[in-house]
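Pasting the structures in now, so scroll down.
Next, two complexes with chain A in common: one pairs it with chain B, the other with chain C.
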Partner chain A sequence: MNTTTTAPTVAPRRRRRLELNASLVVGVALTIGFLVIAIVSFFWLPSNPNIPNIKNRMLPPGTVDHWLGTDGLGRDIIAQLMVGARTSILVGAGGATISLILGTIAGLVAAAYGKIADETISRGADIMLSIPGMVTALVLAATMGSGALTTIFALTAFFTPSFTRVIRSAAMSVLQEDFITSAKLYGRGKLFILARHVIPNIAGVMIVQFTLYFAAGILTEAGLSYLGVGVTRPSISWGMMLNEAQQTVGISSPLAMWPGLAIVIVVLGLNLLGDGLRDVLDPKLKRRS
Partner chain B sequence: MAIYALRKLAFFLGAVFVASLAIFILIRAAGGNVAAIVLGKDATAEAINALAHAYGLDQPLPVQYFNWITNMLQGDLGQSFRTKESVADLVTARLSVSVPLALSGLLLGLIIAIPVGTYAARNVGKPSGAVLALISQIGIAVPVFWAGILLSVLFGVKLGWLPTGGWVDWRESPIGAIRSLVLPVLSLGLIMAAVLIRYVRSAVLDVMNQDYVRTARAVGMTRTQALLSVGLRNAALPIVTIVGLQIAELIGGTVIIEMVFSLPGLSRMILANVAAREVIVVQSTVMLIIIFVIFVNFVVDLLYGVLDPRVRNAA
Partner chain C sequence: MWRRRAPHTFRDNRKGQFNMQSKGKFGQRLGAIAAAAIMLAAFGGAEAMAASPRAAENKVVLIARQDPGTLDYVTSGLTALRLWIPANVVEPLVYFNKDGSVEPGVAESWTISDDKLTYEFKIRKTNFSDGTPVTVEDVIYSLNTMKASPVVNNSSAYNAVTAIEKVDDQTVKVTLSQPSQNFWRGMGSVAGLIQPEHAAGSIATNPIGTGPYVLKSYTTNSTFEFEANPNYWGTKPTITAATVRIVTDGTAGLNALEAGEVDAVPVITIDLWEQLTKRELDKKFTLVTYPQIGEPTYAVFNQKLDPELRQALAETLDRQSYNDAFGAAWGAENTCTFALPNQPWYSPESADSCPYPYNYEDAMSKAAKWASTPLEYASLSDVPDLSLPADIMIPAMQGAGFNVTRNAIDLARYSQLIFQGRPPQFDITVMSGDAEPTQWACPSPDKAGWSTYCSAEYTKALSDADAAPSDEEYLAKMKEAADILRKDAVIVPLIAKKGVGLFDGELKGFLEPRVLVAIEIGKLHW
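Take a look at the complex of A and B:
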């Protein structure tokens, strides 16, 4: 798990910004809540979310020991939601992390290693961006079989080109700064300059993008699992829960509400966190956000 | 302009080529013995070989790729192994569902997003602007299929105004077809709107700070007049681009919404054929969708060049 949420900024201005930044506060609170629930699920669950218990099927919300009720097979909703949070993190953060690494490498190469590398990588990214991700994911699920790994692979295929574009343009603007010229004059090599000067200066952009794509990854994973081509039991996904609710008990049941609410709260939290961090880490973009 | 258009055309063709290669490799490389899977466990070796031979599946992959491409260029998209229906027929039958759904969804999204986004930009820093920004932020977090479920609970189950799913063919009853599309379009349109509002808002905010808006204000126009006369036209450029980029997103949304409302559109056909290992149907249909998306982006790029001389001259 990537746990980086802070980065150095200029101290005196930072305090005032943080006070004014409601997005950041709400985003941090919701995201921490989400992470804590996922961590707790490893140590404690109300009951086993995968073992059917027909005696307890379709208990209404508010039942003792099953506070949000049970599903059509008597499995506890809270336990399923908690394990679902893990899946969201595994797949969402997994996809975002791998894309961030690949996108950073590709973006830096495009920015620093000449016109041919830039054209090849940028046009390649453009092409990948014009392929509808959902359709590709269906095909991937068909050839690789569904599951968490396939889903992470699909997310990586969607997100890497976007990361590449963002990192490339951020790196290019850093590379035009005077201190890069002086580092070159000093005789520093390209790799050294990228590692020592460019990456620290685009770290803010990287963190913001990671947060936003983490959120997008959770949404996409939920969509794929809803379609039945994402993760499969014994893993549990919020999208899968919605699919099961619709298949077995109909959409008007509260079973079709909880997983949706969970997705909205978590994705909203991460997006607010990303926007808030952008205001703090990337003052140039503040006006636009 | 001609050079700009040629560059874009070259990119379009290159993109289609790379995408076709990627799709072919993805579907076929991991495919195993397609003919054996299609015919099932009880098939004899002769039957498997006959099917493989009939569809050219026994040829080396590069030859199959070449045949697939040349056939497509001649308008032959191949046919289903089992039903022998041509892919072209299979696809066109589904378009009467998918196309109205996707287009109306996009249109509804724009109809909501342009005025609301402009209003949000005009009221930036005021409570009304902040509330709109928050609503759009929440809308972005709502998965499109959950929006569909909520709308169909409200209007289908609780109020009983509209069907919660299923499809009535246009030829049978146009009204019935429209009724089955209302909730899907609404779900898709609202979610598209949430995303688009942010782009419209930031595009309008950008032009509001431009020199030409200040000039217009200086010659005596009100803020609103300035925005309508010079602002919106300039804000239209980034919005056109975003619509191009959102096409891929729109198709993803359409795929899911068709499942939520059990509409017999393209995505259900693709899913069914994926499950049945109808590789030729899947690869041709997916390729058609991708060509369409790349083509839309090509047209958007051309439009952009026509509308803004700076773009075509920079390129």
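Take a look at the complex of A and C:
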């Protein structure tokens, strides 16, 4: 009966799934490209991105040996972009991973361990969320000194409450299901139920959130480095490249364009990946199709 | 009409029906657009080249890049303050002209004893900008306040002063223990500024003086508003009102000038020089260069490091590369002397004036001895002028074989660790600022400043220079002091940057600063 009633709408839904998967494919391609560039940078670089070569300063894009040109000190742009990809992964994925772990633990505790735990964790997360993330990061950078570790710490500080909320909400939804009641009646403990039943059922949400916060982490890191409180040389970040390029706006605009473009492509890739994964992993969408 | 026709054109193109008729219309339209564009450019250009709208009202709008935070010139030595308040609002006792001549300021005349131990200043009968008369008591108060100033450059002028006394209602006598060049020069600088005693409490926000202008308002991080002082004793300034906008973004400042929103950017820092020439702003506006507001950029090697190590590090400094990196060699000169080109003891980079010239091979051979000595380079991450030299210096030192690591910190932390930290937390750093050599004077090692430099020999040479009875002997002693500083390789100059400013072509009368770095608005006119 269901088949006959839903038959006329099956084709459009399949088309929609196909379109969504297209975003997944593009997202995966961009993300893999980004990862490959970062990995290659460990083994090969066109030149040392920190050694100045004043004679070659401000070479335009298309110059042999410096296809995207050089900066104000004659350092190759491609080499800097490649090392910058490394930093983006380290900081973005580092911040998102730690936040995911802490947020999952806090969210599961809030969802499963009664009202007091829930209220304490939820209100704590509310307080944390009420403090602007960038301000937290600036204060941390001022007190702890700038660098990749400080940036990861700052990202963790303002991503964890968001993860906590999302995981709590997803876990509570799963905990309402009949099979959880069955598991309880069967005598399973809370930890077992969370590990065996809840986490696998919210894994999709966790993965999707991870990709989105990975992208947000890259953006935030770029912002902090642009402000001069993130990564500093000899490490290289795309935000730092933007900051340095700011001195040459009006002299050589492409210098600011390349790191900006890199940020846009990677963040777009991660967002498409997240959207695509959501569509694939969301059980409701699966059931509908 | 345009909106109705446009779809036809697009449709024709899409269908490949772009016939001669439509091409003709398109051509006409293109021609019309081109003609309109040319006319617009012509009128727009004419408008851009026309005199500033403020010219008719005898007003100017200038740009400052930094906010001083306080206007208290007694306790703050910031250039951002010294650019605008001295000479415009508060005047010194005398003015020293570029040619060495001395002009009256608050003192209408003066006498100097033959032994140069007694100075008598006859105070001008005039009023402060708030209408109260200038009294001898105000002058004595001002000099005593500067004598106790925490800013060394202010108080050092009074090192030899033993008494400041009233002679009569119009005369002040200053007695010195020994002849002092610094005292006399200080009376034409910030150390000699005269303020009313009754207004001392408001100096941080509303300084009062006898200058050609009154500070009408000062809004932090926004503007200074000046108006002509109705009580000014001298020739009334042509410019009746001046606004100084604080625009921290240098490019935005240049854009504002190009757009005609402001009439001058009197101080343009080195990081904008290349942009300035690439945009041909030096051709569209009047470019002025003057040494007074210039600054030396110098490396500092902590004095605790072995002298041989400091000398080897100095040999890694390729001054030309620092100059080239800013892309504006017209405004900066390579030097090993801690001075600016207008100071007579200055000399550009040469074999004679550089005891440790750039010699990378020699530095590499010496580096082997120090390869295991960790060296921390404290670099300012948020000041482009200083992070750029660090980007060159650190790889060069590492490449030579020195064990250098970078500690990149922002200005707040830098101040905490280095300017205020005792002992300062660095082995190597780079700085740019005031070219006053007396800032490195140090009576004893425990009184060493942030640079860690302390040399009894250098301090004595400066003291001897101060006490020199003639200008010739003063210069000889200053050269001797500069030589000691060079050989000690703690303060190692790289380049001397000029002051650079851009003015509207119609805005004339710019005078090279007489009171330290002050831009005298009163001398400008349309």
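Keep in mind that, in the parts below, the second predicted complex is superposed on the first by the 257 of 289 C-alpha atoms of A that agree within 3 Å, B and C clash if a C-alpha of one lies under 4 Å from a C-alpha of the other, contacts with A are read in each partner's own complex, and residues count from 1 in each chain.
Note that a residue touches a chain if its C-beta (ideal position, glycine included) is under 8 Å from a C-beta of that chain, and two chains touch if they have at least 3 such contacts.
Everything numeric in this text was worked out from a predicted model, so none of it was measured.
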Touched partner set for A:Pro46, first chain B, second chain C, both or neither: neither
Partner chain in contact with A:Ala141 - chain B first, chain C second, else both or neither: both
Superposition-derived comparison: chain B or chain C, residues of chain A touched: B
Contacts of A:Pro61 with chain B and chain C, given as first, second, both or neither: neither
Which of chain B and chain C A:Val267 touches, first, second, both or neither: first
Which of chain B and chain C A:Gly33 touches, first, second, both or neither: neither
Contacts of A:Thr232 with chain B and chain C, given as first, second, both or neither: second
Doubly contacted chain A residues - partners chain C and chain B: 141-142, 229, 246, 250-251
Residues of chain A that touch chain C when the two form their complex: 48, 50-52, 54, 57-58, 72-73, 141-142, 145-147, 228-229, 232-234, 246-251
Contacting residues of chain C [partner chain A, same complex]: 251, 254, 271, 274-275, 278-279, 321, 324-325, 327, 379, 381-382, 384, 388, 390-392, 394-395, 399, 406, 408-410, 412-413
Contact set on chain A toward chain B in their complex: 123-124, 126-127, 129-136, 138-144, 215, 219, 222-223, 226-227, 229, 239, 242, 246, 250-252, 256, 260, 263-265, 267-268, 271-272, 275, 287-289
Touch list for chain B against partner chain A, complex: 11, 14-15, 18-19, 22-23, 26-27, 29-31, 137-138, 140-146, 149-150, 152-153, 157-158, 164, 202, 205-206, 209, 245, 247-249, 251-253, 255-256, 259-260, 267, 270-271, 274-275, 277, 282, 286, 289-290, 293-294, 297
